[in-house]
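These notes open a run of structures that come right after.
Okay, so chain A shows up in both of these, paired with chain B first and chain C after.
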Partner chain A sequence: MSTSWFDQAIGLAAGVLLLTSVLLVWKRSLAAAVRSLAVQGVALAALVAVIGIYEGDPQLVAIALLVLALKGFLLPWVLDRSRVRIAAVREETPLLNTTASLLALSLLTMLAYLVSRPFLTLAPGPTSAAVPVGISLVLYGFLILTTRRHAISQLVGFLVLDNGIATVAFLTSGGVPLVVELGASLDVLLVVLILRVLTSRITAEFGAADLDDLMELRD
Partner chain B sequence: MTPIQAGLLTQLALAALAVVAAVLTPPRLRARVAGAAVVGLGVAGAVTGAWALGGGQGALRIPVSLPFDPVVLSPDRLGGLFMLVAGLVGAVSASYGISYVRGPAASRTSWSAMAVFLLALQLVPAAADAVSFLLCWELMAVSSTVLLLAEHAHRAAVRSAALWYAVMTHLSFVLLLVGFAVLADAGGGTGFAALSTVPAGSAAASLAFALLVLGFASKAGIVPLHVWLPRAHPEAPSHVSAVMSAAMVKMGVYGAVLVTIRLLPGGPAWWGLLLLAFGAVSAVYGILQASVATDLKRMLAYSTSENVGLMFLALGTGLLLRAQGSAGPADAAIAACLLLVVSHAAFKTTLFLGAGSVLHATGERDLDRLGGLGARMPTTSVAFGIGALGAAALPVTSGFVAEWALLQSLIHGANAQDRLVAVVMPVSVAVVALTAGLALLAFVKAYGIAFLARPRSEGAAAAHESAPGMRVALVLAAASVVVLGLAPGPTYTAVAAAAGLPGPQPVGWWGIDLSAVGALLDPVALTVLAVLLVVPVLVVSVRLARRQPRREVDLPWGCGGVRLSPRMQYTATSYAEPLARVFDDALRPERDVLVTHSAESRYLVERVQFQQHVGDIVEETAYRPGIRFVDRLGLLARRLQNGSIHRYLGYSFVALLAVLVVVSL
Partner chain C sequence: MNAGALVLVVVQVAVMVVLSPLLVGVMRQVRARMEGRAGAGVLQPWRDLRKLLGKETLQADGTSWVMAAGPVVLLGSSALVCALVPLVGTTTFPLVPDDLFVVVSVLLLGTVALALVGLDAGSAFGGMGSSRHMTIAALVEPTVLVSVYALSIPVGSSALSAIVEARIADPASIASPVSLLALVALSVAVLAETGRMPVDNPSTHLELTMIHEAMVLESSGRDLAWLELGSWLRLGALLGLVGSLLVPWGIAGDVTVPALAVGVLALALKLGVIGAGLAAGEVFLAKLRLFRVPELLAGSFVLAFLAVTASYLVVQG
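Up next, the complex of A and B:
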């Protein structure tokens, strides 16, 4: 694999990651959100695969397959099923409206680039150049978590955050050992499954999956 | 294995057994099985303590892998004395508790906590290093809080009392922790041997002294750190109040003695003066509050504050006189402090157990609603009476002996050439005299209103004598008050040995010889003499009276009237009213008089309602503002925590962003 091809592939994958997250913040339809999340998972898997092929590391390729199965297919499928089950369509009233959210995104992206300057100066290269994307993903995920009310949106935000962490990990350290990745993936899977059960319970209890209803549970 | 080691191990085993018994036995047998184990624990503590007091050696090392000096339980003579006192009080109170406990106080938790509490109480004086001391201290604090909470579901006051207690006891713990840390830093180790290498004149020693004494004073209920005491003692089950007041509070005194006599002997004069001032204020304030209190157990709690004040006063006098070079009176004062400890343990156990019997029989703690219990509960009445005599420091009781020794040392200590001492000693005599007088008034009130005259409520009228188990414990406690009062010699010898004072001479029939101040007391001889003098007089007057014709009077105290109702008697409030008037500024009682006029004429009064409430002025002026401030902070902090998940996530998000911004700058 030539270096320029590698540069292009990394750039493309990072671009898709960023684009899908912007779409996630932009769109209020939950179905679209889940689809974007699936695309993001595939892009993340592609990123890992490209790094693996470039460095000739079969373990990394195996991890890429794992990421693809989990984040590209399994988790979006789980999310979609619970979305269908509780008949949720749209994130009705986010705490921040779409325009303000997109503005916040641009600020967060700037912050991410500012923060990751040391990476670029330490080891210039295509992988370091993509690190700000990973950090942006973490911040976007957090933004979704803090501004969306719907339980499904919260799950989406959590997964974006996790994708961001994974992206940074793969880009900076050239991949993590298979065991660690396996553990982390299992964690995420469990969290999502638990949250899914919780979401259906909340819906059964309150008639909606709006997390603000949980305020009544305080002392 | 030495007897001390065996004793300590037996205590641990019995406490474990008591906890297991409390958890596993069915409710029907629980009080008996677990109670018997706790009594055994107390007896084991008393035996171990007596052995250590007699000079027995032995240490129990607790293996730890921390960078401290070894954690060792090894009671010395002083510790042995306190372990003996705690063990006896615990055993008597637990045996009383077996028939006394009902409802939540008889639960698994309560009996387990009782066992742990007693164990911790007995091990605090056994600790031979700061770490094990603090460990046992904290165990004692936590288990007593659990015991105090027993009836929290029934009365809201219990929760508030437990909160006050928990806060004050942990304040004390923090002060002790810092104090020991300062001392350990200066001495280079946590063992008491290392701590006692710190020279008493150094700044570190003075700082440690101030911190430790404040911490111990809080536990001992010294004014102004006493606020938990009048709340916690009334709300705890009575047998727990007895242990708390008669044994736990003493651990504060033990701590003060430990610091000033064993760890940092020969401190400067101001140490003694500080202790003396604390003690004097608490003694007067405590007994004043006790005299006007109408809740029986609250009154006993304030009386505890007074007695501990006298102990601190005695200890302070001893230190002051030692620093000024008059060793004889100083030794007498320190012995008086420990005599007060022993005597207070005896009579306060009696009084609290007696109050428990009254509460058990009538369901009332309010003196204004009691009365006439003397005829209904003869045993309790006699036992409480003996306890009251002890608390009022009247002869043939232990209280008299202790206060006599204190007064002797104060009076003979005043001979010193030093101006300070020449001023302080007479003032202290006046304080002790005032305290003794007020104590007499307070306990005449408590006994007279509760046990004499006619019942003032239906509960009091329907009272019945308590169960045999409770009576046995009460009689034992009351007997100890009289025995300690009649034969103080052995106690004095033990106390002198505990404080390392020069050997006392036995005198007469188990009497005391304070040879250093030239005073002798032989209660048995005095009693025999008094009986020999009084009996002929009595015989002659009875003979003479018999010659007169007998007149029949229905109600000698009726002043000729026959329409006597119980409402016409003195009540606790009215009996103490003159006192409340004299000490108006110090007590600030709130009085409400509500007069309802008759509908026909304004000159006719239909009903007068009188209410009096005496608050705690220290609490209102020193604590309330602080509490209000903390409350306001708490309300502000609550706004941060409004239950919204988004807000909590937002906090993390903002924190993350702030960190990132700072990093990228």
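Up next, the complex of A and C:
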């Protein structure tokens, strides 16, 4: 198990994470967004598994399996069910058009590289070199959350944000204890389930899942 | 070294002048067959050129010298690109490197010449075509620069021949994520730059969405022949560049007769396969709405940009 193998695998997983987030912003079809999110979950699990195998830590491999099951399959499945249920095809009018969002992505990536320079000087190595990818994911998540108004897009943005945080956590600390990861994963699952119920309620109430319809408080 | 480079440049330009009309012919023929038409034959672009060169060059009233100079500048810049890009061999002049930035600026020179030709006659169609052409060029040039820059980081040189040599020496680098991202971005940029299918439909005339054909409407005779040949050379050189980066085998490292012969054969084969594949793909594509084109190009720019960031990731790791 040579170091160059480790470098390549980390680079590949990080590259897939970035690429899927770009596709999430690029494509306006919600089905494509859910598929990209599933691929992103698998890539995150692969990243964790690579770190686990390299460091010979069975606990990390177990966490990788947990991440794979949750982010690669369960959450996309829940999202897809919800998408089919409210019969949403695409995000109709994002607040920022696709071209501007894509250019914003490149700026955010640059920002992520700038702010994560201390990590690189702190501990040079393949894992810290991939930290900017995690920070970019967090920033992309915020971008999706602020510019998309569809309830499912909001969920997707939230999950990208969470993936970014998880990526940074695994890359910098070499993994978190199983209990902590389990707790965080359950939290995310619960939040997604609650938001899904909320989405269904919004759809039932307004006939669409556009958050701009929620303009005033009523009892 | 100098004599070798000179021979190579002459061979490359001569081969490209012969091959690019054939390439266009092959692409049209593949497309015709797949659409159930008989097609005009592979040699038709050459027959067109001969016909145009034999005709009288007419110029509309009120046109200036730009109308006559533009086609020559386009042809010259395209020939220069063919000479600079490592298509047959990687030997270069020591003083005139086939640097990425040189190649892109020469390309841009041809783009501007073509746009000026479109504007000169003052017709509505020409102006519209030129304006669209410049919009797309402004979006494409950064993508070409950034994607080839991503390929140049592992090599440590922005000379195209050095990049191709490094890829021959280390074939594993071709399949790396960085190189794949950059190649996808570069291919989209090349399609847009040469006016191929998702961006412009090369086989339409007098349609409101056309770009390239709108600019050459006012030209005739010899001028039109130069414009067409210049555009075809450009297409050949850019597709050849993608081919050289994707499959660098067969490119001559030194200037000897057998090496050059292998290089020319490999180039013809690569251009034929890429052109036929592109034409076959175009049959299944619909032209993108003009307002969606910036989305496609911004997407390819982001891919190229990510390739640059990812290449720093691997280099530092």
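Observations, loosely collected:
Keep this in mind: the second predicted complex is superposed on the first by the 217 of 219 C-alpha atoms of A that agree within 3 Å, B and C clash if a C-alpha of one lies under 4 Å from a C-alpha of the other, contacts with A are read in each partner's own complex, and residues count from 1 in each chain.
Quick note on the criterion: contacts are C-beta pairs under 8 Å (C-beta built on N, C-alpha and C of every residue); 3 or more make two chains touch, one makes a residue touch a chain.
This structure is a prediction, so every number in the text was calculated from the model and none was measured.
On the superposed chain A, the two partners chain B and chain C both fit, without a clash. Vectors from the Cα centre of chain A to those of chain B and chain C enclose 130° in the overlay, to the nearest 10.
When the shared chain is aligned, chain B comes close enough to touch A:L95, but chain C does not. Between chain B and chain C, it is C that contacts the larger number of residues in chain A.
When the two complexes are overlaid on their common chain A, residue A:P124 makes contact with chain C while staying clear of chain B.
Within the superposed three-chain model, A:L211 lies in touch with chain B and out of touch with chain C [touch as defined at top].
Shared-chain residue A:L18: touches chain C; no touch with chain B. In the superposition on chain A, no contact is made by A:V188 with either chain B or chain C.
When the shared chain is aligned, no partner comes close enough to touch A:A151: not chain B, not chain C. Our summary of the superposed model lists a minimum C-alpha distance of 18 Å between chain B and chain C. Comparing which residues of chain A touch chain B with which touch chain C, the overlap is empty.
For chain A in complex with chain C, the touching residues are 7-8, 10-12, 14-16, 18-19, 22, 26, 97-99, 102-103, 105-106, 109, 113, 120, 124-126, 129-130, 132-133. Here chain B touches chain A in the complex through residues 642-646, 649-650, 652-653, 656-657, 660-661, 663-664, going by the rule given at the top. Across the complex, chain C meets chain A through its residues 176-178, 181, 294-295, 298-299, 301-303, 305-306, 309-310, 312-314, 316-317. Those residues of chain A lying in contact with chain B across their complex are 95, 111, 114-115, 117, 139, 142-143, 145-147, 149, 211-212, 214-218.
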